[in-house]
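One chain, chain A, appears in both complexes that follow, with chain B as partner in the first and chain C in the second.
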Partner chain A sequence: MSFDLEYFNLGYLDTLSYKNTFVHRLDPRIKILVSFTFIFFVVSFPKYELSGLMPFFIYPVFLLTAGDIPLRAIAKKVLFISPFAIFVGIFNPLFDTDVLITIFGIPVSGGWISFISIIVKFILTVSTALLLIAVTSFPGICEALERLKLPGIFVVQLLFLYRYLFVLLEETLKILRAREAKSFGKKGKEVKTFIRIISVLLLRSVDRAERIYRAMLSRGFRGEIRVLKTHRLRLQDVFFAAFSVIIFYIFRNFNLVSFIGENLKSSFR
Partner chain B sequence: MHMADALLSPVVGGAMWAGTLGTIIYCAKKLKEKMDERMIPLMGVLGAFIFAGQMINFTIPGTGSSGHLGGGMLLAILLGPYAAFLVISSVLIIQALFFADGGLLGLGANIWNLGIYPCFIGYPLIYRMLVRGAKSDKKIMLASLISVVAGLQLGAFSVILETKLSGITELPFSAFVALMQPIHLAIGLVEGFITAGIVIYVRNIRPDIVEDLHGVKVLSSGGSMKKALITLAILAVITGGAFSWFASTYPDGLKWSIEKIYGKPEIPEKVNPVTENLSEIQKKTAILPDYSFPSQGGQEEEKPSWPAVDPGTSLSGLLGGLMVLGLVVIFGLGIKMIRKLGKRHVL
Partner chain C sequence: MSHHIVELKDVRFCYPDGTEALKGVSFKIFHGESVGITGANGAGKTTLLLTLNGHLLPTAGEISIGDIPLTKKMRQEIRKKVGFVFQNPDDQLFMPTVYEDVAFGPINLGLTPEKVDERVRNALEMVGCIHLMPRPPHRLSEGQKRAVAIASVMAMNPDILVMDEPASNLDPKSRRQLINLLKSFRHSKIIASHDLDMILDVCERCLIIKDGKVVADGPSEEILSNEKLLEENNLELPLSRNHSRLYLRS
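Then we have the complex of A and B:
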């Protein structure tokens, strides 16, 4: 159960997202758009690219440090997942065996380079997604989605989902504890038992939704929920966006890494 | 089977996002037309239920390993296709943000793969057709099994197509199919069995939840199949159009499939004034240098990837890469220092 607990440790990222730093204060819309631009630039590199990706680490590192987010919180989550990327990527070294470069006399095949490139891209994109939520609260994201013109119904039920997630997770933990207490070893985990347990959870959830709806009606709900808008686009938001995009553009279009590398090499001589 | 950002090309990721966003907007519009206010809290709570339910594990018969509920088809049965699609999207958004399952660019593809097929094919075209008329437990079981398996097979196949179109993996198409489809057949059978079990159990206690077509599922009744078909057709055209436009603009994303069809990397060239203009514009505004359009007639050789991978520059690449990483770490430490100093000043 420790894996599940680790996986469902939503609360921690949520707590981090209510800090008050420069990046936390930025408009969520800007953060979403800049993060998307970042990922777009990163995945646009061809499959054998490795060194050109390195400068892009600056964006997650910036969010991490300026947002005062503990490195462990993110690193642990990045390490935890990704079986699919590895599963698909690990075949590259098997099928693509042409030697592309030789580093200090060791021949390296194209497959290994593209595999490592997949892993680096994976770390960059995944850590950015996690950091985005760590420096932007979930209600902030929802506010941004609504202001980016996503349908109101969609945003409102997304907010509902998030709010009741924690309630239902606690209820489920109680159910799981009861199951542990009443069964030994593998018993209690049969599909038949599982179906009954989860059906009861479903029935309880539907009951809860009905109670919530009645409570909403009694508080004057008329089919519309307004999302709290707390952010306004300020000069620093625009500045941050423009600056980031320019930097990504430079990193993508000018080969800084080999420029630095050439200079280093010649200075060694 | 969550698609990862690192396996997608920007073109494929962007096209899948376009299709997904279009469907979200369409579903929201459909829901608004016949809005039942009870739906909003129900959608939110059932989304949370899917999450919570995934915490409860069970032993997969015959293997000893443990599995959990997926829930796409269950949502479609409980909520009808439109609401279910929005809820599935929400669940995947939260998974992408909090667990980085898939990532932000891959999110569009994931919503498509896990949402479209159960909501707009599995439920309206298979499940509802099979459980028509007098419902019995056997019918529900059969319908769930077939619809879930079909949905998951289509989803898995989409994952393969998206990965191959992105051109990042070397895994041959046939091997990829042989790996993915059987795994998802097994997953689909278990998931279908569980979905049927839940629907049957809940039907015994609260038949209104799973059967009342005029209550919760008012949205899915009446001509939903026709509408779903039309929606799908439109979406297919849009996506296809987007793909082919991108394919003509960015050759390498679709090179693989084109090679399969024509036996050579380029489609026999027809001079098309629109694409010519587009390529001109693209040359001038290219943000991503490697995605430039080859000159008309396919005369120009493919540009070497940037920077050219050859032994001469690889050492400088290595040195430079390490140097830049070092600089990034110093940059991070610097910001941390500034933050600390700033705090002291406040105090």
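Then we have the complex of A and C:
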């Protein structure tokens, strides 16, 4: 059953984040800040830009290789959400028909270029966000957000989301298996039973919330959860941040691809 | 050690839907005593435990822990003394990593970070789970979860341990380890369970609850070998007391 597989799949990204490599050891705050700067630089390119975006692939590729993350895991997830980006850009080629360049005699309209530019930006930003999760444990991200002064209530929501996502999924899994065991063929799989299952899940979650709240109270909870500060900013974190931001800045302001291209052209002449 | 630490006087509790779960429960528990509470499903065991640290306030009667009477105002103080291990460790372990979960209580007690760290390490050492420190709870086995749940309570240095079915869902080896762990604690313990062999092993005293009332209270040896009493309460002789009959049957 596909739900089982999805469940284990979700856990997979989480398992990856418990590896111990250079990028995993970096301070989560630095990783969040650098990744956000990266996304900011990438989306700041004008809509017809393609060549200038290419050097930026170095950052996700760096995270992927240095973090020892299998490409398939990330590629599959990017592909999975790609329809959103495709729908955003799909009408550009229809509206924007001015020919911008010709490649081997084929005229290419501005619409196609901006469409591909959207897709490239999408791949860059989404894979970076996914990799950020894959190379930083979720608690680490929560700690970082808290220390970057995100309001506590959001951090606590995220913490609980992470903790109980797996519990809730397991519960769903059990209910679905029980239904599978008692329904034969199409019978028992109608929308009607599905609605009931959702309502049962909701009621169970409310019950569970009550029990968790009791457990919190009995350990002295008074409306505030303090996140432990385990990471300390080290020199290599600062270097990593400074180095990446400088690189991004260079990539943004100097078009390396056309620079290399021009040089190659002149050397072949 | 004659000073009592838990005292219940005619405690009654009625759920909002009208179900009367406790119909006048009275007993005293002394310092360092281990008490097993057993009874049929729905007899009121869990309700009784939940009143012990004020999650449910009795509709009538009095509870006092140490010298503190249990009231709405004093609940916070009482919760520092009573460590509560819930039946389902997934409810108990709500923080994203084992370390943070065990640290939750000590942090709320207002200890300094160094003290918190010391408490966490001691508690995890005690239950033999120090190596699990950075792990998220959803990646632990049931036995490990149970041990960490106990550590998270022990880190607050409670005077009394209250446990609801601590040995359920454990494999025999984990169960045995848990029993040995419980026996090593010098705290007063109140353990609700259907695992009568465990009660026999860990607790010198046993209460049987039926329909919200205490129907038997005495030494575990005596109560848990009273076959008639046990059968009236949907219970059976513990296996370790049942050898002769097993032989006869076969």
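Definition applied: the second predicted complex is superposed on the first by the 254 of 269 C-alpha atoms of A that agree within 3 Å, B and C clash if a C-alpha of one lies under 4 Å from a C-alpha of the other, contacts with A are read in each partner's own complex, and residues count from 1 in each chain.
We adopt the following convention: a contact is a pair of C-beta atoms (placed from the backbone, for glycine too) under 8 Å apart; a residue touches a chain by one contact, two chains touch by 3 or more.
In this text the structure is predicted, and so the values were computed from the model without any measurement.
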{"item": "Combined model on chain A where chain B meets chain C, clash or fit", "value": "fit"}
{"item": "Contacts of A:Arg208 with chain B and chain C, given as first, second, both or neither", "value": "both"}
{"item": "Touching partner for A:Phe221 - first (chain B), second (chain C), both, neither", "value": "both"}
{"item": "Touched partner set for A:Glu262, first chain B, second chain C, both or neither", "value": "first"}
{"item": "Chain B or chain C, by number of chain A residues touched", "value": "B"}
{"item": "Partner chain in contact with A:His24 - chain B first, chain C second, else both or neither", "value": "neither"}
{"item": "Contacts of A:Val191 with chain B and chain C, given as first, second, both or neither", "value": "first"}
{"item": "Partner chain in contact with A:Leu159 - chain B first, chain C second, else both or neither", "value": "both"}
{"item": "Chain B versus chain C as contact partner of A:His231, first or second or both or neither", "value": "neither"}
{"item": "Chain B versus chain C - smallest C-alpha distance in the overlay, whole Å", "value": "8"}
{"item": "Shared contact residues on chain A - chain B and chain C", "value": "138, 159-160, 162-164, 167, 208, 212, 216, 221, 225"}
{"item": "Chain A residues touching chain C - in the complex, by the definition given at the top", "value": "14, 18, 137-139, 142, 159-160, 162-164, 166-167, 208, 211-212, 214-222, 225-228"}
{"item": "Touching residues on chain B, where the partner in the complex is chain A", "value": "1-10, 13-14, 24-25, 27-29, 31-32, 35, 37-38, 40-49, 51-53, 55-61, 66, 69, 86-87, 89-91, 93-94, 96-101, 103-105, 163, 167-172, 175, 190, 193-194, 197-198, 201-202, 205-206, 209, 252, 287-291, 305-307, 309-311, 313-321, 323-325, 328-329, 331-333, 335-336, 339"}
{"item": "Partner chain B, residues of chain A touching it in the complex", "value": "4, 7-8, 10, 13, 21, 35-36, 39-52, 54-55, 57-58, 61-62, 64-66, 68, 77-78, 81-82, 84-85, 88-89, 91-92, 94-96, 100-103, 111, 113-114, 118-119, 121-122, 125-130, 132-133, 138, 141, 150-154, 156-165, 167-169, 171-173, 175-176, 179, 186, 189-199, 201-203, 205-206, 208-210, 212-213, 216, 221, 223, 225, 249, 252-253, 255-262, 264-265"}
{"item": "Chain C - residues contacting chain A, complex", "value": "50, 53, 55, 76, 79-80, 82-84, 86, 88, 90-97, 99-100, 103-105, 107-109, 134, 136-138, 152-153, 156"}
